[in-house]
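If you scroll down you'll find the structure; I have some questions about it.
Chain nomenclature is as follows: A, B, C and D, assigned in order of appearance, with residue numbering initiated at 1 for each chain independently.
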Amino acid sequence: MAWTREDMARRAAQELRDGFYVNLGIGIPTLVANFIPEGINVTLQSENGMLGMGPFPTEDEIDPDLINAGKQTITELDSTSYFSSADSFGMIRGGHIALSILGAMQVAENGDLANWMIPGKMVKGMGGAMDLVAGVKKVVVIMDHNARDGSAKFLKECTLPLTGVGVVDMIISDVGVFTIDDNGATLTELAQGVTVDEARQRTEANFKVAEDL
Amino acid sequence: MAWTREDMARRAAQELRDGFYVNLGIGIPTLVANFIPEGINVTLQSENGMLGMGPFPTEDEIDPDLINAGKQTITELDSTSYFSSADSFGMIRGGHIALSILGAMQVAENGDLANWMIPGKMVKGMGGAMDLVAGVKKVVVIMDHNARDGSAKFLKECTLPLTGVGVVDMIISDVGVFTIDDNGATLTELAQGVTVDEARQRTEANFKVAEDL
Amino acid sequence: MKKPYPEATSALEGVLFDGMTIMAGGFGLCGIPENLITALRDSGTQNITAISNNAGIDDFGLGLLLQTRQIKKMVSSYVGENKEFERQYLAKELELEFNPQGTLAERIRAGGAGIPGFYTKTGVGTLIAEGKEHKDFNGETYILETGLIADVSLVKAWKGDKEGNLIFRKTARNFNPMMATAGKITIAEVEELVETGELDPDQIHTPGIFVQRIIQSKDLEKRIEHRTTRKQGE
Amino acid sequence: MKKPYPEATSALEGVLFDGMTIMAGGFGLCGIPENLITALRDSGTQNITAISNNAGIDDFGLGLLLQTRQIKKMVSSYVGENKEFERQYLAKELELEFNPQGTLAERIRAGGAGIPGFYTKTGVGTLIAEGKEHKDFNGETYILETGLIADVSLVKAWKGDKEGNLIFRKTARNFNPMMATAGKITIAEVEELVETGELDPDQIHTPGIFVQRIIQSKDLEKRIEHRTTRKQGE
């Protein structure tokens, strides 16, 4: 029984450290906010110009001037500040955000990331993804380990157009956790019920296996 | 009887147009604010981060957090806004200021300006002068036509290190008014009691003389 | 030099021309100049290059100008919310230039601040970097991006005064402040147009020097794209 | 991750080292981090490279660190107010790098925003341009300037909260906001340290992400360089 989306989000939340400023992508990464460990205080950045993102609003609290980067209505906190898009991406590009958690279509064993474009299909645009992976100190990908057709998404080389080169530091998938550094990829954790063999079978990328597995 | 400092400031004020945003340098240029024509509304920028500079304060109004680029205490107006030095020079560099009026050590007939440094002497720094002359749409110099030793300051070529190349559009001196454009310099007005001959005698630069003189 | 205009149509008078470049503020439908976009549509101006983070939705925001085929080219970071956009793009009726969102924001800021080019590591090694100058600083590779300016910038603020000083509200700020600096002519619409002196000078986000014309918005809809809520007490 | 510190000396603990680069906010004596400068002097840190628009006066501001010979190099736009500076410079005891004020401000902003280099026309054809890369954009020549960062930035704000959010007052803002973004560690001193939530989120000039430590200033002098007045009724 591999990890569910919630399991992945819960595992990603363990990467948070007290005092971190964090940017969460759309989709599963958004769920990470639900699993922030007790005693850990993190501040969520929304790249459309907000630091200190609160929960979704109640019906009464909805404010059309207050949305996140996924264009969802949200709320503010005591600690909140607002700023322009230029200042927001100055923050991101300047390396002030500790951690970005986002989704992926493909990741390569050297950390290359593809998550914005499928040639031949209508392209919606990269939004802030290229800026985030280029600027944020640590990039964690949460993704289903395989595509719907079963093909591998963790590859020797990405076949889709890249979002960034060598930018991914960690993959959290239903199979487990992989870290990527200058020495390549390493499987460091397995989801319950998943074996190293299954992980290998479902992966095209080369990876080492941590000694304790 | 050539122009006094007040005469020069009064003449410079005639370059102001309604709605202009203007930056006035330290010294005689500051006096221009006293001669703004009736019905003309101009907004003074102070490059340390203020738009809408008011008059000097009364003793009661002095505020150490409110100074101009000459580090003098000043006051604010109803229209005032404050901003950072980066935003202030973005405004200047981006061409949003219509007119800068400043002093000069030397001006060349092609509009080169030298006003920040005398080699061999202690150099205080250029402050914002290089940014202003590079970014502001029209640059007017107010200066004594000759140095204390009688030597010319309006030259064929500047001998002092430059503040900007080809940046001066107009000189207002005790001798009169010179305009400078791609066709060179032209004497367009004479101070009362000054002849074209005297202007030539006191100038090294080549200049044409306007037909009406 | 009176900046206030009675409404959007008159505020656009004399500054529009076919083939022009327009910047329009907003992120999604948040903080968009609704009145000015409608007036621009009604003006019939053709072959517009529109610089805006998004392209609106089919029947709101810049989508209105797509419906009428007034836009020739979009410069954006994300256009995923607009079906008409997709149709025109796939039919090659519309040009599209994608910029990473931070690069787009910085290019606009640079344009307004007299910076013709800057280096960024965003997009290095991707399609975005193709044909762009590469340069190393301290052992890392960066690409050269250029400043952007517009013939007219349309921005939306919360409050403004008669000098054109603007204050934005919450995440409706987004691209508006930079676009205000990057328009040869900037026209602002504000929810509340107040007398000069009513805004605290320390809190002004956009100094009036950047705003040539200003109107008070009428009948703002402020549509919400994704109304996401939690239950009371959750 | 508690940001508030009891006073300047403890706020500087563990982040200082000989040969370090410091940014210090302020324009003239306006908006300078008085307490932090005094504490830096008392720390005895040597061979400092100080990036600051000015160098203080003989007995105030960064002048205090010149008296004690703790500064090896200044990066400034104007140092005309300081006799001790002049003496040390002429005696070659002090290095000096002049930057045009706007270039200095932009270099600091760039450093904080991850921009390693940008082009400007400021200084083209002057001594400032010597040895710098020149590049043409649209037929005009510009020079390449680089981003600046500091090991520690010392900034002064009016109000701050315990998250490090800052609000500046009037022209005391000046270089402080950019320097806050460009310090690997940024330490702020504020006239009023308030509880988180007391500052309006739309009015925060420097978001807390840029501020690692914060103190409330004690015994501020806020000295005035040129007390210039008009008579009542003038």
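Worth a mention:
Going forward, a residue touches a chain if its C-beta (ideal position, glycine included) is under 8 Å from a C-beta of that chain, and two chains touch if they have at least 3 such contacts.
These numbers come from a predicted model, not from an experiment.
Chain centres here are C-alpha means, and the one lying farthest from subunit A is B. Annotation: 28 Å between the Cα-based centres of subunit B and subunit D.
We define each chain's centre as the mean of its Cα atoms; on that basis subunit C and subunit D are separated by 32 Å. Averaging C-alpha coordinates per chain places the centre of subunit A 55 Å away from that of subunit B. Touching two or more other chains at once are residues 106, 109, 113-115, 120-121, 168-170, 173, 201-202 of subunit D.
Across the assembly, subunit B contributes residues 76, 82-83, 89-90, 92-93, 135 that each touch 2 or more other chains. Every pair of chains in contact is given here: A-C, A-D, B-C, B-D, C-D.
Taken together, the subunit B residues at the contact with subunit D in this complex read 46-50, 55-60, 62-68, 70-74, 76, 82-86, 88-90, 92-93, 112, 117, 122-131, 134-135, 161-165. Subunit C contributes residues 1, 109, 111-115, 161, 163, 165, 181, 196-197, 201-202, 204, 207-210 to its touches with subunit B in the complex. Those residues of subunit D lying in contact with subunit C across their complex are 106, 110, 113-121, 135, 137-138, 140, 142, 146, 167-170, 173, 201-203. Listed in rising order, the residues of subunit A touching subunit D in the complex are 18-19, 21, 41, 43, 45, 51-52, 76, 78-83, 89-97, 135. Looking at the complex, you find that subunit D touches subunit B at residues 27-31, 53, 76-81, 86, 89-90, 98, 100-106, 108-109, 120-128, 158, 168-178, 205, 222-232, 234.
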